[in-house]
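Structure record follows, encoded as structure tokens.
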Amino acid sequence: MFYNVINPLIHLGLLVAMPPLLPGVINKTKAFVAGRKGPPLLQPYFDIYKLLRKDMVISSATTWIFQAAPVVTLAATLLAGLLVPFGPFAAPIHFTGDLILFVYLFGLARFFTTSAALDTGSSFEGMGAAREVTFACLSEAAVLLGLLVLVRLSGSFSLTPMLLAPLAHPPEAPVLLAAAGLFIVLLSENCRIPVDDPNTHLELTMIHEVMVLDHSGPLLGLINYGSAMKLFVLSALVLHLLVPFHIGMPVADWVLFLVEMIAMAGVIGMVESFMARLQMRHVPTLLAAASLLCGFGFVLMVR
Amino acid sequence: MNIAIYIMLASTLSMAISGVPGLLFSRRSMTGQWIATLLNLLATLLGIVALLTFVSGGYHSENMAWPWTLPWGGFAVGIDTITVLFLMPILGVFLLGSIYAMAYWKQTQHPDNGRKLRFCWGLMNAGMMMVVLARDGVLFLMAWEIMALAAFFLITTEDHNPCVREAGWIYLIAAHIGMIALVAMFVLLRLTAGSFELWMTIPSSVPQGMTAAIFLLALAGFGLKAGIMPLHVWLPGAHANAPSHVSALFSGVMLNVGIYGLVRIGEIMTVPPLWWGATLLIIGAGSAVAGMIFAVCQNDYKGLLAYSSIENMGIICIGLGLATIGRTCHRSDLVLLGLGGALFHILNHSLFKPLLFLGAGNILHATNTRKIDALGGLAGKMPVTAGLFFMGSLAICGLPGLNGFLSEWLIYLGLLRTAIAAHVDTLVWISLAVPALAITGALAVAGFVKLFGSVFLGNKRSAEVDHAHDPGAGTLAPLAILALGCVALALFPELIIPLLVSAAHAWAPQMIASTASFGSLAPLQEMAKLNVGLLIGGTAFLLLLGIVRQQKLRAAIPTWSCGFARPVARMQYTGASFSRMLAQLFTWMIPVKPAVPPEGRYVPQPAQWTQDVPDTVLDRGLIPGFALVQRLLERFRPLQNKPVNVYLAYMLAILLLLLLALCF
Amino acid sequence: MFLAILIFIPVLAAVAAAAITSNVLRPWIMPIAASLHFAVMLTVLDLNPAPIWGGWVGLDPPGKLVLLLTSTLFLICSIYTVGYLRYRTERSNRVLIPCLLIFLAGATLVTCSQQLGLMWIAVETTALSTAPMIYFNRTPRSIEATWKYLLLSSVGIALALLGSFFLVYASLGNDPHPTLLFSHLVRHAGMANAVWLKIAFVFLLVGYGTKMGLAPMHTWKPDAYGEAPGVVGALLAGGLTSCAFLAILRVDRVCIAGGLQAYTSHLFIAMGLLSMAVAAVFMLGQKDIKRMLAYSSVEQMGILALGAGIGGPALYGALLQMINNGLTKGMLFLSAGNIHRSYGSKSTDDVHGAMRRLPLSGTIFMLGFLAITGSPPFGPFVSVFTILNAAFSRHFFFIGAIFLLLLLIVFIGMGRTVLIVVLGRPLPRKHRNNVYRDGLLTGLPLILSFLLVLMLGVHIPPFLTHMLHQAQKFMEVRP
Amino acid sequence: MHWSINTPLVIVLLLNLFMLSVSRMRSLIYSAAAQGVILSALPLLLEKRIDSMIIIVALVTAAIKGLLIPQMLHKALRDAQIKREVEPLIGFLPTMLLGALGTAVSITFAAYLPMTQTGSSTLIIPASFSTVLTGFLLLTTRYKAITQVIGYLILENGIYIFGMLLLAAVPFLVELGILLDLFVGIFVVSIILNHINEAFSSLDTRQLTALKE
């Protein structure tokens, strides 16, 4: 009873507060592997704070969409985050068919981000937007195939029971395949290596970063915050498939969740340190592979 | 007491004659147009009254039949929930279109085709009304063809333009092929059902081959009208070349009529074979994905909208196929979600597609070009159109917060339900349509970002944009009304849930469906609440942002774009380049031909990258095929170039031949 | 009595026309005679008089239908002729008008001749009176057309005569008092010799089929229709062909009475499909609008034959189609004549934008095309649909399918040409010298025929339905 | 009495072959006329009791087929100043052989056909068949318009021969009507011939192929 009240609050709190930590962890890991000291763990928080205090420089070519985009993106991501259960605890919002809403919220965010990119009238932003929408076509298929596996596993159409289903069953091949596929999607959706390199400012390589070249000040802050949150939410989703364990004690489970999240960030960091970015023309193949993994998982479920 | 039918017939009549008085007035007077519009208004009001009487009467279907002096059949009309669901868009789009035309297609500005246009406009709508009202095969066919022919004359409004003529010709062939398929279909239907009365169910004793033939013929005939791939060949040209409010009517209403036929055909067998539904579903998924891929690659914004109509019809067909499968497997949930989703999506599509086409009309009117890459930065010059167009784009992409999402969501839920079917059940594979639908959604985002981004955002790419400005309120009002409709359906879906449920009930009476069970299957109210939240939150954020902007805005300078000294408009990413990467993923399906820059000796020559997007089925398949057949047949021509002796010889030959045949 | 008047009105009118010297007044004879003829025709249909002249002249149900059609069509065309000849003042119409009237007399005689030989003579009369009409323009091309027409139709008619002789000869042996009266032949057909009956039917089908224009005896049609004035084309395509069809039906009835129903229906179906196929092939990419109309007439004859072959309700459809075809052909040929007059050409190379240049004729031409290809809400749709219905319900599925396919090809072939003609903009700085514009006398007939076709599409008058049923019953004789 | 009918019919058959072989127009016309005259005599030979009607019909037939039509053809011939037929489609000899073959075939064919009437076991049916065939051969193989007209005439003669079997059935009114139509037909044709000659300055139908697809 008490937890029914407190869990959603914790959920909300983590969702709002924790995301910037993940990029920090990732950067720290990469620095550690590279043998550097690296930026402080909380650097992303500082950056966002700094940006929010700054003034804005806005291109005269742009319209209201340019400024609405970061806000809407953040809002959509936040709402999506409220649909995903953290750890073994039900999500604050859950109802039949919310998985579709979850997927389409990111679509909404994408619509605004890419429109804002085109709004600047710069060729770089346009290029990034084109890549974003192109890759999304492939990754969405992968996501839904992965979710189909969970639907069939759980027999329900809401993210909370779906994602908590692996707890009941011991991890099987289909779930692991889906997890692998979704992990790839996670990397590409958050523009991490091997799909995209968030650190370079060489526009030729970039998808997400290049779309926000002309945002500045608070808007840029919102964008960074939003992308961190996206990473957080998707990681939380994938965790359910990768490590379907829980202790049973709420407090312990929350701690476990935190540990898992940080570990996840560490894993991403390791991937980034040990892998090179793919050539742009190979990315579709990678995403197709992700869809195939999930699809194969579904086929295994059926047979 | 069938009041609704009488009123509806009266409304139809006033539609049909709405264009007639105009023919009597001079080519340069607006009087005729005023009369026509008033008659249309009258027609729509009557229609709404009829709908209200029907709804207040508790959705009781009514039927009437008068004797007719034709060799068969009678003048039988009827009205039930499905009919009503299809009547609503007809009435709405019809009225808004004619109001829009008051400013968009003034008689004074189009003296030589305005009267013809309005005459056919009324006639076509009357035809569509009769199609959905008809309860007799022959009446149906006649109304159908009146609609089709009037549509032909609407397409060829500007027949001085060769492209328009070509589009009209292709449409006419397609329409006639469809007509012939339907004629055959109805004849077979009468053979099996015993009379031309519609829509009675075929007895199960009828042999398999017969029912299969009926279904396939219906699929061909209705599919051609609905523009499902690969029967879509006429659609892009027709929509792109017709006047914009006509395109809105076609896309928002005429395609629905094709779907209407498919809905009815699903009904004619109590337990249709599984492959009926499966075929519908596969074709639907195919045309959803393929249609949107073609759409993304278009360089003509009306063409893009046209192909996206194909995509939406595909989505509707997925829902329909799902419902038919539900009929086969006695799964009332599939019927509810599939049919409900399909019908809901039809309503939505008839809201946002006309909105987009009318918006396109405004653009065309302001800039005189249909090329996406000639525009840009229109949002500044025509903000209202831009805002409404943006709304339409969000809705048509099925993004949360607007109505498009809800209908797609219903279909998704239905498909997901098949994923948890028993192991050996073939139903499971149906759920593989889910990723297809997802891809469609993503592609839609790509396409409409391209459209909106390259037309309204960024900097202007050509001089056409310079003098663009928002049209008057008379032209904007219809768009605003449609946009409001989108929002209303998004916030209060419960308004039409009863309609959907009773439609499903009328469609599959053997599986009783109640509103309650619908709510448990798909919590539309929850979703609506979230939509409310989204909209309120969004607006709140925007207001807050406005404040922030006041304080934080430092300077407004040209785009930085990595420090280019003087970024010019031609440096922008064009629509063509935006879709190029996607197009390259699908070159196996759509042979986009990029014009490769010519190689210079040492430095490349100045060149620009363009792409032309042929329609694979039409330009690679049908047109060459027809040419080949004609060349073969022309071999026979010389038979008619002979002196009279040879003609006499033909006569002698046939005489001897027949006498010879006599011996056996 | 009335029948005699009916036949002699045009004859006398022809004499009068030949007597009148004024080239301007003479055409007015036509509407007068036509309306008289029409009025008397209506009374005849109403009174239904007994046969006269020893039963040689009387009306049978199919004859009534053809009579109704011919008289109506002629009335429409007569009005048009007056308007048309105003533009052809350079040429004397002293031959044309009497020939037209003689043609009407011949056609009337065909419809009400109950005697084999008399019917043959009547058909021959129509054939001969047509030749000078085709030759009206006096150009080498028209001479050629006339020559081909004359030779082919004479040979055909000769074969028909031979066939009639065979028919008589077939029943000669066991018939003490042989006559050529149809009623008599039908009564004795049971005892007639089957082989000779079959031979007779072959000859008569080929013979009268030549006049009707069934493939492959149709070869004169494109040339004659192409070169003759539009009004003549309308009369040929609407009236002459129907008369020939009537002749064949009467002979068919004798054969059916002789127990050859299966045989004749096979022949009909074969010839019908062949004609439709030939027409379809030659219509694709046809540049000359009048030749195109000629092929469309061949196709229509194919439909009639097919309907007669399938029989039963299909025959009903065929008879209805005969009427629809006659009226629609009126629309098409008359409007095509106007277009030809206005552009000074009938080739799609020169003729564009007829709807702009001649709003009435262009539109009627377009609508006529839609009608003749069987689109609702026009008359031909009803009849074609009836035939199709009968075909399927009699389980001629394959034939029905081919029928539909051919209809489609015809639509495509005809549509291409028609759209090129009616849509678009007239070529600039061309036909500047042509003064023709739609007038009352050349426009009214188009509207009349259009209204009739439209009416038959949405409402078939009860008396017509009654006549059609009569005719259908009339053709169902017990062997 | 068979011989009395068969002898003229044999002559008719021989005339057919002759006409298929000759190239001189004049002799063609003469033989056609001769054939017409012979045929006009047939009713007199067939009928038991000769009444005035038969004689009238015979005389009219003889006059039309033997005098009037040949006269018209002669006139046309004079106007066009042609003496001979050009080489036919398939040559003279082949046409003649074809005609002979046709005669043989029609004789055998007629033998197979059931005779519905006593006394018709004569050459009448084969003769009529082969004459019709001859007419068709002339029509299809010859190029000169006049020859085609003559072919048509022969065709009619063939039909006339068959008509002999029906003397009882076919009333004379019809006979006369048919004759009249034939006459008018040939009359119109000769007018057209005249115009062809004026327009094309020849009667060669190979020039009449302007109308084509």
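As written, the chain order gives the labels A, B, C and D, with residue 1 at the start of each chain.
Note that in this section a residue touches a chain if its C-beta (ideal position, glycine included) is under 8 Å from a C-beta of that chain, and two chains touch if they have at least 3 such contacts.
Values in this document were obtained by computation on a predicted structure and should not be read as measured data.
Ranked by distance of CA centroids from subunit D, the top chain is A.
Subunit C and subunit D, compared by their mean Cα positions, are separated by 31 Å.
Mean C-alpha positions place subunit A and subunit D at a centre distance of 101 Å. Taking each chain's centre as the mean of its C-alpha atoms, subunit B lies 44 Å from subunit C. With centres set at the average Cα position, the gap from subunit A to subunit C is 78 Å. Counting only residues that touch two or more partner chains, subunit B has 637, 640, 644, 648. Residues of subunit D found to touch two or more other chains are 136, 139, 148, 205, 208-209, 213. Shared contact sites, meaning residues of subunit A that touch two or more other chains, are absent. A list of each chain pair in contact follows: A-B, B-C, B-D, C-D.
Looking at the complex, you find that subunit A touches subunit B at residues 54-65, 67-68, 71-72, 75-76, 79, 93, 95-97, 100-101, 103-105, 107-108, 110-111, 114-115, 117-127, 129-131, 133-134, 136-138, 140-141, 143-145, 148, 151-152, 155, 157, 203, 213-214, 217-218, 284, 291, 295, 298, 302-303.
On the subunit B side of its complex with subunit C, the touching residues are 69-72, 112, 138, 141-142, 144-146, 149, 156, 159-160, 162, 165, 168-169, 172-173, 176-177, 179-180, 183-184, 187-188, 190-191, 630, 633-634, 636-637, 640, 644, 647-648, 650-651, 653-655, 658-659, 662.
Every residue of subunit C that touches subunit B in the complex is listed here, in rising order: 147-148, 151-152, 155-156, 159, 195, 198-199, 202-203, 205-206, 210, 216-217, 219-220, 222, 267, 281-282, 284-285, 313, 316-317, 320, 353, 355-356, 370, 373, 375-377, 381-382, 385-386, 388-389, 392-393, 400-401, 404, 407-408, 411-412, 415-416, 419, 423-425, 458-462, 465. Considering their complex, residues 376-377, 379-380, 386, 390, 393-394, 397-401, 405, 408-409, 412-413, 416-417, 419-420, 423, 428-429, 431-432, 434-439, 441-443, 445-446, 448-450, 452-454, 456-459, 521-523, 526-527, 530, 533-534, 537-538, 541-542, 544-545, 548-549, 552-562, 567, 569, 571-573, 577-582, 585 of subunit B touch subunit A. Against subunit D, the residues of subunit C that register as touching in their complex are 115, 117-118, 120-121, 124-125, 128, 131-132, 135, 140-141, 143-148, 150-151, 154-155, 158, 161-162, 165-166, 168-174, 178-180, 193, 195-196, 199, 222-223, 226-227, 282, 286, 291.
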